[in-house]
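Let me give you the structure first, and then I'll get to my questions.
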Amino acid sequence: MSQFEQFASDNYSGVCPQAWKAMEAANAMPEPAYGEDSWTLRAADSLRALFDADCEVYFVFNGTAANSLALASIGQSFHSVICHELAHIETDECGGPEYASNGSKLLLGEGADGKLTPDSIEHLVTKRTDIHYPKPKALSLTQATEVGTVYTPEELKAIKSVADTHRLNIHMDGARFANAVAALDVHPSEITWKAGVDVLCFSGTKNGLAMGEAVVFFNRALAEDFEWRCKQAGQLASKMRYISAPWCGLLENDVWLENARHANACAERLASGLAGIPGVSLRYPRQANGLFVTMPDSVQEALRARGWRFYNFIGGAARLMCSWATTHERVDQFLADVRELMAQCPADQILRTA
Amino acid sequence: MSQFEQFASDNYSGVCPQAWKAMEAANAMPEPAYGEDSWTLRAADSLRALFDADCEVYFVFNGTAANSLALASIGQSFHSVICHELAHIETDECGGPEYASNGSKLLLGEGADGKLTPDSIEHLVTKRTDIHYPKPKALSLTQATEVGTVYTPEELKAIKSVADTHRLNIHMDGARFANAVAALDVHPSEITWKAGVDVLCFSGTKNGLAMGEAVVFFNRALAEDFEWRCKQAGQLASKMRYISAPWCGLLENDVWLENARHANACAERLASGLAGIPGVSLRYPRQANGLFVTMPDSVQEALRARGWRFYNFIGGAARLMCSWATTHERVDQFLADVRELMAQCPADQILRTA
Amino acid sequence: MSQFEQFASDNYSGVCPQAWKAMEAANAMPEPAYGEDSWTLRAADSLRALFDADCEVYFVFNGTAANSLALASIGQSFHSVICHELAHIETDECGGPEYASNGSKLLLGEGADGKLTPDSIEHLVTKRTDIHYPKPKALSLTQATEVGTVYTPEELKAIKSVADTHRLNIHMDGARFANAVAALDVHPSEITWKAGVDVLCFSGTKNGLAMGEAVVFFNRALAEDFEWRCKQAGQLASKMRYISAPWCGLLENDVWLENARHANACAERLASGLAGIPGVSLRYPRQANGLFVTMPDSVQEALRARGWRFYNFIGGAARLMCSWATTHERVDQFLADVRELMAQCPADQILRTA
Amino acid sequence: MSQFEQFASDNYSGVCPQAWKAMEAANAMPEPAYGEDSWTLRAADSLRALFDADCEVYFVFNGTAANSLALASIGQSFHSVICHELAHIETDECGGPEYASNGSKLLLGEGADGKLTPDSIEHLVTKRTDIHYPKPKALSLTQATEVGTVYTPEELKAIKSVADTHRLNIHMDGARFANAVAALDVHPSEITWKAGVDVLCFSGTKNGLAMGEAVVFFNRALAEDFEWRCKQAGQLASKMRYISAPWCGLLENDVWLENARHANACAERLASGLAGIPGVSLRYPRQANGLFVTMPDSVQEALRARGWRFYNFIGGAARLMCSWATTHERVDQFLADVRELMAQCPADQILRTA
């Protein structure tokens, strides 16, 4: 068993075949640099077609950059961004958004299952309006969330309403946007521009690319001079076709959606299997491609001793991420191991974590 | 003839076979993210071996980022960086270094053939020492320079001497470092740490990769916490092996050097051919892989009409860049076209540009 | 009764007579600009004498700048600063520290009475060490705190111990440092460099100046090139004597300490008076010059209708701040009004807020 | 003779009597903080009346801040600012504008007598439009210039025309704006909003205040949320009345204009006197309150030995600045000394500097 062909992260996986093939095709001949190649145009057009919108599209290297630069395009350094307290931009970007914006603060909201509520947003905007408090200008939603849940179109519309009241632009961190679309089974437009999203950071990396995220501005005014922002920030790939061609591979024949559906299905298979094991429970509802599993520390340790890899989330839950490359076979092996180890686990240890 | 298989830029070329093969190997199985994979370790070790130094090595996405972050690690926002007035960091990074450092000014020095002189450095450091003038802290040298010339080890040592006097750290922009090594026919250490370079940005992109530059700190103290800097700036690749594995491909069997030698040789072939054509001259000595050719505007226009692509430099010279992928056949075709067009060119036009 | 001669803030007060007199003296003749005048030297020397330390001293315009620039001198953009969740730098600087540092995050710790505990610091440093989490480099303590309490020398030493373990430099926000010294009745060195403080922002504004804070580096290495930092950030006063001369006025004959003692005594007089009024209580122990008083909203409203001015703190407590200019007469008038209004207040309203 | 009551700088002078009196009045009683006092409102209204415009007015501590923040309000980090190569924002702010904007580059234009020409602006905007070149967004003019000259209304209109063509907003560095108004003898509106200026930084410090500049936005859209920008950047004075009240003192009865006229007249008296001394010449036409005098180094040395203080400009010219506090007596003493020293000066030394 490969040491890493498992559940640690959807960014441990490699490049999916269709993306690889497109990258190979792009390598066949020289092309102009800095995005003036034919692949980049085609990838951007494909995204416009996918979203059925005349949006502006830019490709950057990774998610930190996509989110940080997109947020910086909404507000100034003295503005603030409202996000959930568990949002990746708060917990795992090492101050990336603050750096790109030269100092914007993130205001941390709350909500069950990792989802910001309209009330929490309202509270953060209205509790203070003095100049000592950075003026809220942007709202950042993660779809799917850090804990594997998704905002429904209705939830997004309720949020849009409070955003409009307070003139907040909406940014969507779509590190697992494809998984959210697959989970909700909606047209991508339903949870983006039709729900009021101004700019989406659509991840290719977690969906089967080597690297490369699309920053999609449905609100074109926010995209003004964005190419200069990318250039200055070190996010303009000179040989951009190596990012955009794989995107073409993902977008053709809805490979991106198939990849996401597969990952979600693997997660569901895991969830179903775990549901039948006493003493094991899910901390959040399984909706996309990730699970947060409460089980005894000793069992987690034993799983790792058998070669399984996964991270721990706040509170000790095991985070299991599935990707386009996860196999049913591995899922079943993992379930078998959990079952076996839980059966051997002393009852008092199980009680402690229940 | 491919529209772009020509002389516009060494970043129009694709990925060289050895790098591609390594990338393919890296794609064969999942690996941990964020540089904790086996390829990244191997690439870094190979660079340490190449330079025969216990240096710190980081991989970032592109040259803007490499240079900007390396410079930011030397000084604070209120310090300044001395560079040649033609340096890429001044002319073509859209303020990237100023952004990464939060405001460091570049102080522009002079020197023939795009090379900073010790006198010019001395002048910039000593002309003012008041607090209204940003204190010089770093010196940035481009090797090979923007105009295709190279600093000799002796020139570098003379610069090091003035740098030491004024406590300046030396940064080397190595967008075409491989071409410089090939041109000078020296061990890489001779023009880096043995010549006093503190940090080198070694470009893979222009040498045959899809993307990815190595930031090599010979002065390890400057590298303190540099991985955090990369992360925050959006320069930490989650699937880093897709940058580092191709680097392994370049480094094994000195492919990087062969690629550079080939490009330089093509440039020399171009230069030799042009030398025999009356009315055509080189603006700077041909030393690495680029030429800056003075010839009539009408001839340049006619060349473009025949499908050739190249940029113009300040003053109208045609910039011809060769890469690992340039072929002798193309070089000869180009020379033939220049010869033919120059022969047809009215004498008065030739005089105008002489 | 003046509309504002009250308890709203210690920065509503004017300039104390001794500071004014010094400013007048400084105005008597021209002086060199940018801190090269005689007053600035004298003020810095006086601070060195006061602290009995060979510290570096800089004068900046206000507290936001003092704190933000001092913190920026400790860490880089990708480092983080640990502070109490109620710290002014977190709640009331509109992202000033994040701006000056180009993106440092503040990590929010906890502790009763607005004081960070060693355990809370330890937790924030050790809970994560990965590169997605900004590396803690500085610790910021507010003395006196935002809720009017003070750290004892013993508490500071316990904090210093954990700071040393994790190589954190200690910044002290001394917006009300004078009040803390007066409250603790210690030599200023006891709660600064002898307790491990690396840099202190000592406020003159709240102590009786028109404007101007002293940034005092006990750790001189951190002060390297700090004058350039001030200049670039717009914090170098050209006519600096108008800041430094009043500081001389404050420092001569311990006026600063008398001002603070007076303000603290007025706060104590208020606290004692309120202690005898049923239904009124203090939310935090009264230690320096501020009180946070829980009393019915209707009573607060009635007080305001009678012309009294004060702000509300989180949870609705009335914040009463005393300054060098507060008079016993006003304190007694206020107490009389509270007594009268509380006596008239329906019992059910009192119960609600108890 | 006071050692400094001379020509070194207009910021060596003290506070003029009318400003002092207003500051004294402001000190008579407590007032709300952060600009919500009566003086700040009055000063802003007076400026609106002065300019006969419904402009937005903010007060900041010094000129570095005023210019840097005003420019940051025009463009983003990846935009650029066009200014004269001798502009203070380029030569003497230690990267202040680059810091406040998080990386905007200054593009240096040319023109005789320190004044940017429309052609130079046009050249900088049109020579490149690619994304590697920071997009010009702002134009900064210094009025009066660093070399003591003034832009006429006609010159400003010609510049406005090219600015409009290229959508550049115009910033005016008015460190000596009062002197320019006095020199041109025009209504302040003629060389600001009627000439297309979007934002003016109007200096009080050089006109007779202790500190404090007014940032005046004629283009109100640019002022959006500017108070937050000031707060975050450490430029919000808590006791703001100590800046705004002196401004009231300057604005009442046109004291600002009288101060400027007096300084200009002293400079003219100096210029006239020097005109009659063989071997002494002015490097730039005397138009405002400063002179740049070419005279032998030995004479400059001898003047300094007699106690006179002045700075040297590029090329060795003596810079003589007059202020509101300069006296005719001092001017005449200085002239007498120059006359005497020049008479004693060996002819060959005079020739060297002619």
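First chain written, first letter: the chains are A, B, C and D, and each begins at residue 1.
In this text, a residue touches a chain if its C-beta (ideal position, glycine included) is under 8 Å from a C-beta of that chain, and two chains touch if they have at least 3 such contacts.
Values in this document were obtained by computation on a predicted structure and should not be read as measured data.
Q: Report back the single chain whose CA centre is most distant from the CA centre of chain D.
A: Of all chains, A has its centre farthest from that of chain D.
Q: Counting shared numbers against all numbers at the contact of chain B and chain C, is it over half, same, or under half, different?
A: same
Q: Go through A-C and A-B and name the pair with more C-beta contacts between its chains.
A: If we tally the C-beta pairs in contact for A-C and A-B, the bigger total goes to A-B.
Q: Can you check how far apart chain B and chain C are, centre to centre, with Cα atoms defining each centre and the answer in Å?
A: Taking the mean C-alpha position of each chain, the two centres sit 51 Å apart.
Q: In angstrom, rounded to a whole number, how far apart do the mean CA points of chain A and chain C lie?
A: Chain A and chain C have C-alpha centres separated by 42 Å.
Q: Taking each chain's centre as the mean of its CA atoms, how far is chain A from chain B in angstrom?
A: Chain centroid spacing, chain A to chain B, equals 35 Å.
Q: What are the residues of chain B that contact at least two other chains?
A: In chain B, 77-78, 93-96, 99-100, 102-103, 131-132, 134, 228, 231-232, 236 touch at least two other chains.
Q: Please output the residues of chain A touching chain D within their complex, sorted ascending.
A: Chain A reaches chain D through residues 34, 76-79, 102-103, 131-132, 134-135, 225, 227-229, 231-232, 236.
Q: Can you list the residues on chain D that touch chain C in the complex?
A: Per the touch definition, chain D meets chain C at residues 2, 4-6, 8-9, 11-15, 20, 23, 26-33, 60-66, 68-69, 93-96, 99-100, 102, 205, 210-211, 228, 231-239, 242-243, 325.
Q: Which chain B residues qualify as touching chain D in the complex?
A: 77-78, 80, 91-96, 98-105, 131-134
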